[in-house]
């Protein structure tokens, strides 16, 4: 029987029939404002509560802001960082600025995937990581879509080599169908898409698991909400308003 | 509890559940004629009435015209400029022309984002700015879409470093869905979109808050009007005529 | 109260709530056969009848043909040219040909926007112009869309500097939505679109004012006709057949 | 009152309110199999019957084939060529081949618009042409769409200079809306489009006059047939099945 | 009266009102799996039965496979090759391989259209060909769409010079409307399109004659089947499910 | 009568009227998560059960992972590798890593199609292969679509030369219609498409055989499921929800 990682996100483990199969590299794809960062952070925080160390690779925000954003949901990671079971990899500041100097894991040149992989590998080992979030992988190939697949492949080799279960945040434009391009979509072990759609003048949030290697899963689109305690998915409800392919 | 900046725009604070969370960088996106400049100016003017200094970065219009445009709505900023609590950064004239010589904050080469950032930083400090408008950021990458994200990131670092709350005006074509491209959309803390749509031979104005970090907000599309006193949003009404994703 | 320029075109001043606000640079956008040149010429001719001098910049037709075209509607500009209150700027012939030698304002190299601006400035001053038509601005960036915005900006600086009210004719393909691209649309003070649409096997003409700085205006799409006396707009009727955004 | 050229094509002069205004350069646009060459040839043949000399510029077919094609409809141009009132300009063979050696007007390098214009000018003068067909202008810019407008402009200068009324055949793909691109559409004095559309499993032929300078015209889409005597248009019938703008 | 070539394909001559007019160059266009190669082979085979020699230019398959494919429908061309009334031009192997060495007509460099034309000319002369199939012409410009028209023109000159009636197979993507691009569509004397469309979960085959110089023809879309004896078209039935223009 | 290869996949041989005709090169096309790899692996495994040796070319996954993935469905290939009737060609690792050193068939440079063909040829000969899977061919031209056809042609020559029946996995984006581009689609002997479509908030799996040389086949879209024993197709049911052409 397949070993699983519990996300602890209300409703999410249910639609995954028990959690994410261990070692899977999951693409978490969605447009702006859909809640990708919140879901990814919640996945890490819940891991810490279950005794599973984690690493957050920050490519879009200052590491300080990452911690502030998590704290807004009551997820204060400071103690876990001190215990050495949680780490933020700073791939944002380039090591520039006072705050950046206090960071332990810094990628000097965030456009250098090789360096990113090296720093990530160190962080994974130091905290003995079981969960990883990279937010976002899209940044790594935003201006060079032709390298997207090889970037994903490089990350996948590190991540699968160390036995972690990981979420790669994939940013798509609000007008973009799909999950980030063929090279990326086919390389991932799992694909989860978050959507924010306007229906009759109202924005509706929904999540669909498009693919998850190693397990069956709900094939339905479920509504979810962003509460002040994080994301809550409703596994018993279905949203019929959109098709990802259209 | 999150600290907020009141926009003072009738109806807008209601749909934001109290105002824009402080320090947020908000993308104000819309096609031609949708009222972006009016809403952004109104945000600054209302700030001045509440004792909050502001800076307007003019990339599309002559600074003189910016003041004339505001005055048409009864917003005469002259006294505030004299008091040193309001500034217009001239990133339009390149310092050429008689009128330009009377401007205090001039970006000689508006295509040089580095210089823009430097002048902006000075202006922010001089007036002790709490609110900023950049009208428009699109101009900065109109002919070079690949640098859009890095331009936004540069601005975001200055703005968040100084603690201001800012509105970045994003021009999209009348035929363009989305808010200005993935690099821009994902970098912003908030996204507000203004629309002008033809329905049965009549133009309809509406606003929708797509994303706003740090607060819940109305998930509905609301109608608004441009009156001779500025924008008025109707938080109790919903417009059902369009989806941003189409 | 805003100063206005009467177009004198039946129905047009009504839907503009009194005319075009003075000094506005208006984009007159439409596909082939929609009547842009007729409307623009009518604007100039009516100005001459009200004692307001004008300049027509001919980029698409031989200056001789421009005068012939106007005469077909009974608008004989010869006397006004002799009185020095009307001028045609020849940006078509390049000064080549017998007829061209009789023209007073000739742009030798119509691809040189700088020269165009210089000749235009001279003509504006000579006739003391209050109205200007440039037919069409699209020609100036047809093969170089990336310079569209800077061309419009250059023209706008000359035109607003001299206090004229101007119409820039913008040619769009019959299949093209929008008004000529984001750089152009956002730079204009006003946008008027003429449409020719096939509905149930019949061509329908309509006009819509999408944007007009400094005044409220009809937000409806109105039918119009091309008669042998020029354009006649029906402000009391609405055409429901198309949305510009589509 | 405007001088007109009778096309002599059954139904066509009716929907043009009497014929094509003299000197107009008309774009005859349509997909493959729509009957453009037949209509253009018929225009020339009918001219010959009314004593109006004509020139056919062959860019798509061997001059011999052009004559054969016309003969299939009973239009034998041989005698008119011998009388010196009709000419075929061979811009197809490049002067290569036995048959080509018997041609009087040969464009050696059909990609050289300058040479084409020179040969055309000679032919126009020799036969004292009142009607011209260029079949097709699309060939002249098929691989260089950016020069389309300047090619049309060059032709227009020759044609209008000699006082002829002309039809420029414009080939569009079966999937292409519009008439051949903005540069071409706006340069023409008239636009006539022929369509072949599949409706419920059956092909329907229709014609619409989109634009015709100097005259009012039918604003309806009319059905037509290709008979063994050429094209017959039904001015009293309307086809409601398609909109050119879609 | 026009001379015709009988295709002998059940139903096809009926919808062509007697067959393909002699010397016509017909584009046979369709997506993958639509039956283009079968129809083209059947045209050649039926010619052989009527005493009309033919040539098959193989650009997509090994000549051996071409013969095998035909044999599957009972069309064994061996005897005809031995009699010198049928030939396969090998423009596939480049002359490499044992089997290729047994081929009589080999194009060494299939990307060299000049060589292809030379070999084709020889084969046409040797067998005294009255029918030709080129399968497919698309291969000749797959990576260089800009040369498509000139390739078609080169072939057309050879084919029409020798008096053959020919079918040029044109491959289009399953998602592609049209027949292979404007340069190709307008150069052909005839256009026949085969379609395979999914309707309510079932694939439907249909054929439509879009254009055929020198004859009137059915303007309807007819269903057809691929049987073990080749293609059978149903001239009395109509398929209403798709429009080629969409 | 055509010789066939039984796929052994429940329902698949039925819709193929008995199996895949021997020596056919079949394109198995689908978006992410549609089950392509599972179906291709099942085809090989079932072959082993019937005594038909096979080769799996791994371009997307580590050879070790390929075996693990198959084992999840109960398909343990180890014994067959030891017996020398099954081989995995490692075109993934480039020979780097401990595990890779234990692989027998390694393509050092997976971007070198020539080397891939050589290694493949050796493996085919060693195991006396009757079935081959290449997963995926898309990887070979992901960044160079213009070489797609020549890559497919190279593979086809090797595969058809050795008499194997093969499945080429073709990855398409979730938003992509068609099967991988015209050059690929037309080169394949068969095309099978797997789809995953959202209908009213639920994901539906379906398979359609678009083309299969040498046999008639179901022309319907059939539903299928991915069970813990592999794919099960329902030949008696039809899915009406999508058209591949759209």
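Each chain gets a letter, A, B, C, D, E and F, in the order it is written, and its residues are counted from 1.
Assume a contact is a pair of C-beta atoms (placed from the backbone, for glycine too) under 8 Å apart; a residue touches a chain by one contact, two chains touch by 3 or more.
This one's a predicted model, so the numbers in the text were calculated from it and none came from an experiment.
Trainee: Quickly list, by label, the chains bordering both chain A and chain C.
Mentor: Chains in contact with chain A as well as chain C: B.
Trainee: Between copies chain A and chain F, are the contact residues mostly the same numbers or mostly different, with half as the line?
Mentor: Answer different: the two copies use largely distinct residue numbers here.
Trainee: Provide the C-alpha centroid distance between chain B and chain F, rounded to the nearest whole angstrom.
Mentor: Inter-chain centre distance comes to 53 Å.
Trainee: CA centre of chain B versus CA centre of chain C: separation in Å?
Mentor: 31
Trainee: Would you kindly tell me how far, in whole Å, the mean C-alpha position of chain F lies from that of chain C?
Mentor: 61
Trainee: Scan chain A for residues touching two or more other chains and write them down.
Mentor: Correct list: empty.
Trainee: Answer with line, ring, star, complete or other to describe the graph linking chains that touch.
Mentor: ring
Trainee: Around the ring, starting with chain D and passing to chain E, what order do all the chains come in?
Mentor: D, E, F, A, B, C
Trainee: Which residues of chain C touch chain D in their complex?
Mentor: Per the touch definition, chain C meets chain D at residues 31-33, 60, 62, 65, 69, 72, 136, 138-139, 142-143, 171-176, 196-204, 226, 242.
Trainee: In the complex, go through chain E and note every residue touching chain D.
Mentor: 2, 146, 149, 160, 177-179, 181-183, 185-188, 191, 208, 210-211, 213-214, 216, 219-221, 238-246
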